[in-house]
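Multiple structures follow.
In what follows, chain A forms one complex with chain B and a second complex with chain C.
Showing the complex of A and B:
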């Protein structure tokens, strides 16, 4: 049967571009890898443009229904690509002076993006698994890039082992599901659940899949790897790790829950409620006592995953839209947050502790302001984007009738506010021992400018993005 | 052409944008010019608010100068502004205090002056936004956004213990308001519309009303502040710079009272009635107990801060005593009292904090025991301060008398015991105010520094005189203020007397 490969054009293009850049990189004599970097950015931009041109207005099930092309996939792909481009913007000045400078760094980004694109379009368990593994393998390698640092190696091993276990869980869960339903297509599984009662074995499989998803998001109690990996990995990798893959993993989650297991809503909803509550509780409370900035952001990420799950656990298209808005907002803020850490580093020295931010508001008013805006936005204060993200998920859980969950989340966000304020406090109220100006390269300034500007602009005018998020889930 | 001007938006965005520009501008290099521009813009904003006051029709309870624009259509959240008799006096007060702070208290800021100017302007814009918003989410956005400049203001320019104070302030207020957010979202979802008017008109069951009432209560009680959640206020006041204290006392506390009138009473009328007695008792505790606490204070700012809590007790008393009142006249009198008390306290406490700022700038201490005999070296200042102290004690002829008198008279009709406890303030207020005045101003000069004090300069004098004139004007002719708010108060009473239960 002849296939029309045009629908796969963005993926094919990116794969080809990746291979070409790999070859170019091998023969390039440029030690700074300028060419590789530019080509990578260009390839990503071109892929984004192709995605936009090909933006599907309806839902297509293609290639024996292994591949779904719909507005959700389109929007997630485009946002993932832009997040990856921003992450590269931050990565460039970080890896230049360090010994992580290899062409592979950029290429792994490309392959990770490719994995994400396949992942969010997965129509069957097979494609989903394929995409997830491509993504994960690229990320393992990215974390391990800093070969000479033993912390990075430790982080990489931890990440790899944990990731492998999660994949194992996922595969096992999938095999159970397949065993019961005899199908690997999400739509067939949904039909099976609709006509038959979900058997114990099927639920068992579902639990394994939920565990795997919990691992990927770093939700409590599957969060152990998050602080170590965030802390140990090169900051530029952490920035990437904490943004784009989360958005893609959200797409994965929607495919599984909303397309495959919507009939078993009661089964996974309870699990997600537990994950969400624990994540908000543990993440926020442990973050209170962190002095290491990367660990602080890691625990804050865990807490944010809790809020994010609030929308998804409702199982409605509106709830998924709220979660999508949340994860996009979070990705921008988190990327910006780690970008700021890169910006604050001096030479090959990373900024580690909160104390190092002392007096920043005085010595670098702009830098201090940017970081404060990002942190206040993470705390969910208006008029920044984080507020609307919180509002949307609160609205979603209230719509689903979980008033207590909304109140619990509200209480947790008070705890969260404290450590975000602590950072702002250190920046503006504490006096620094020494005053030095930070000079940042243009790309970094551009990246920070874009992230913080979008945090403010989307905070003032969130309407369009909300509409877009709602549009993505019209075909649920 | 002037009629088409979006005046309400200008009241919000003019200070906000100026604040942002000042922040991003040349900094302390062009300080003089920046300050001039900021004051000029603030004067324009004040003029606009006065212009609204003149153009405001006192014959209707409808919202006026309405502006409406789309904001987030998918959630039915609109950019909707309007002004009524309850909001209008508070807006004029906000704009006035803004000008006075910019003129009067930037001089005592020693470093990062332009940022202080910016913070003041940003706060003014947000506070105007709170009073003008007709959409509950818009209201909430301004309500929270305002905390950020205040947080920075106390934290950067505050006293030695400023970090503890500012974190406490922020966390307390955020703790209160996050529950309000949940309540607002809950109602907006049920009503399908987030406009305040829709929330006021939607039916709510008894249980819903109870929960929502408590959510609102936490938010507003922390802000106003009521006993027992008032403890952030003395800390924040003591540590804040003069300008911050003035804004905090004069306007930010009023938001709690405004919230009670705008949300608690009309949105949850039945729950307000059910729980009125608890709130009345808490108000009386604030009036009596905090009055005693104020007497015992050794720090000038703390004394005024506690007296603020006691005075705001009258606002909550006036607001909730209406549940115990039978006649509509007495009810409307109680609310009038609460409103006049808010405006009056805004002027009086603002003036008192300015005065303490004057003393602090000269001697760098706030301990009452470090003062004494100031009248010898600062006669003009002593005279002005006397007026403010009398107003604080509620002497007839000053604005402080009107509100307290209205509230006491109307609560007499509810229960003589309530009135009895409320009237104790006449003794307590006089005690802490006058004793404070005696210790600071009269007697022999406590030390050499006081003998060498210079009297208020023109800048300080003009700020204090403006406030003095308004305090007397409001005390002598409160009818002007009452005329403005009367229609709105009547409508509010109507809304809060109709049960939302059943059909």
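Showing the complex of A and C:
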């Protein structure tokens, strides 16, 4: 029976564009790879336009229910594409002086975006796993791209080995679930759980799947790869790694928990509570003593994943919408945060320590202001978007009845305030040790401006985005 | 005890023995060969389950391609396995306890729930063909998953090449036919110069001029081999300078 492939048009276009750009890159004689970069941005923009034109108003289950097309998938795809475009904007001035300049660097972003799009639309365990693997494989290569650096190679090996183990756990859990339910499609699994009791084997398989999801987010106790990979990888890769794949992993989590295993809520809710509490605790407390900026942002990422899981663990559509808003806000802030680090780096030297930020407010007030906006937003202070994100998540948890969890999260959030404010203080209230002016390329300033502006603008007018997130979960 | 169960037990034992051999062998090449034994036995088990296409594919792809690559790497890299395994016996008790705990948990779960309730899968008819069924499904119902799997392979190729390719090594080679085709005019330039006093005339006794003529021809013949023109001129100038006395 012939299938209508029009619904797959964004993915088909992106794949074709990727292959064409690969060939163009091979025969291009430009050492700066300008053509590859521009074609990649153009391909991403065109895919985003196709996604917007084909934005679905109802939920479709297509191609033997392997492919789900619904508003949530549409929003995640568009946001992932824009995050990738921003990340490429930051990446270009970073990789030029460091001689990581190969066209494949841009191409792997394209394939990672394709993996994310497949992951978010997955309707069966098979397509979910395939999308996740496509995304992960591109990310492993991106982390390892700076092959002359020992730290990048170490980070890549750690990320690859732990990612492979997590994928192994995921497959084992999926095989157990298949063995019990004899279905791989998410709606069939949901029907099975609704009509039969969740047996012990099914719950056992679910635990393995939760472990894999916890790894992908970097939630405690699976967070060991996060500081080393964030620190060792080239900063532009870290910026991409900490933003777009997390949004896609959220889509993956929603598909598994909200569409497949919603009947087994009591089973995975307890697990997610433990993950969230431990992440907030460990992430905030260890970040207090960090001097290295990238590790500080890595541990703050772990803490943010704790807050983010709070919304998801309620299992209500309000909770999922709050988590969705949180992960979108966090990805913009994180991209901007690592973009700041790229902006501050001079030549081939990375900005590593907190001390190097001293006196930034005086020598470069505009840059200092942007960085402070991003860090204050991550701390959850109004009027930035981070405040609304935390508020929504806390409200969802309170409405679900977990008062102690909300109190615990608020206390952890106050503890976390310290290291963000420490950075702002160092920027504005400390004397600089050396007088150096930062000169940044236009692309970096544009990218940094976009992220900071969106943080402020969405913080002042969060309504539209929140409404969009709520709309995505009408079909739950 | 049917023939089928005997075959099953034999190959299942071989699989377990091979897997244990992989992790316990000291010699790396022997460990890889144990892994090959494991894969062969697993292929035989799949054959028992009437998945003959998958069994053959396992042997062809896993053993034929992946294990051969493993062997290449193991044989080419001179890894000091003795030092890598130094901490093995220290962590052995902890590893054994963890493995037994995990195995016990999985066994308890599966044994208590699944085994004993699910009957054996029914045998297919004689004209059942695993290849036909797989082919029919893979290109119609599961085409989306199939295409994505292809893209994953493409990304693996891109990643491997972009991480390891170091460009064509620039080597200076000789092209003998090109050398034979050279002409005297491209190699030699005869310059007429004034001769002056020899630099070491105060050291050596004066020689007759006829002896100095012959070496000049020898020098000219030597310079017809592959040399850059500037070097030629330098040689020529050097010789004629030394000659002028």
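One rule holds in what follows: the second predicted complex is superposed on the first by the 476 of 476 C-alpha atoms of A that agree within 3 Å, B and C clash if a C-alpha of one lies under 4 Å from a C-alpha of the other, contacts with A are read in each partner's own complex, and residues count from 1 in each chain.
As a convention for this text, a residue touches a chain if its C-beta (ideal position, glycine included) is under 8 Å from a C-beta of that chain, and two chains touch if they have at least 3 such contacts.
This one's a predicted model, so the numbers in the text were calculated from it and none came from an experiment.
Colleague: Identify the partner contact of A:406: answer first if only chain B is touched, second if only chain C is, both if each is, neither if none is.
Modeller: So A:406 only meets chain B here.
Colleague: For A:421, is the partner it touches chain B (first), chain C (second), both, or none of the two (neither)?
Modeller: After superposition on chain A, A:421 lies in contact with chain B alone.
Colleague: Going by the contact rule set out at the top, does A:102 touch chain B (first), chain C (second), both, or neither?
Modeller: The answer is second: A:102 touches chain C but not chain B.
Colleague: Looking at the overlay, does A:140 come into contact with chain B only (first), chain C only (second), both, or neither?
Modeller: The second partner, chain C, only.
Colleague: On the A-aligned overlay, A:429 touches which partner chain: chain B = first, chain C = second, or both, or neither?
Modeller: first
Colleague: Taking the superposition as given, does A:463 touch the first partner, chain B, the second, chain C, both, or neither?
Modeller: It touches chain B, and chain C stays clear.
Colleague: Which positions of chain A sit in both the chain B and the chain C interface?
Modeller: Comparing the two interfaces on chain A, one with chain B and one with chain C, no residues are shared.
Colleague: Taking the complex as given, what residues does chain A use to touch chain C?
Modeller: So the residues of chain A touching chain C come out as 1, 3, 8, 15, 19, 22, 63-64, 66-67, 102, 104-105, 107-108, 111, 114, 118, 126-127, 130-131, 133-134, 137-138, 140-141, 144-145, 147, 179-180, 199-201, 204.
Colleague: Give the list of chain C residues in touch with chain A in this complex.
Modeller: 105-106, 109-110, 112-114, 140-145, 148-149, 151-152, 154-156, 158-159, 161-163
Colleague: Can you tell me which positions in chain A touch chain B when the two form their complex?
Modeller: Residues in contact with chain B: 361-362, 365, 376, 381-383, 387, 391, 394-395, 398-399, 403, 406-407, 410-411, 413-414, 417-418, 421, 424-425, 428-429, 461-463, 466-467, 470.
Colleague: So in the complex, which bits of chain B are touching chain A?
Modeller: Answer in residue numbers: 27, 70-75, 112, 137, 140-142, 144-145, 147-148, 151-152, 155-156, 162-163, 166-167, 170-171, 174-175, 178-179, 181-182, 185-186, 189, 211.
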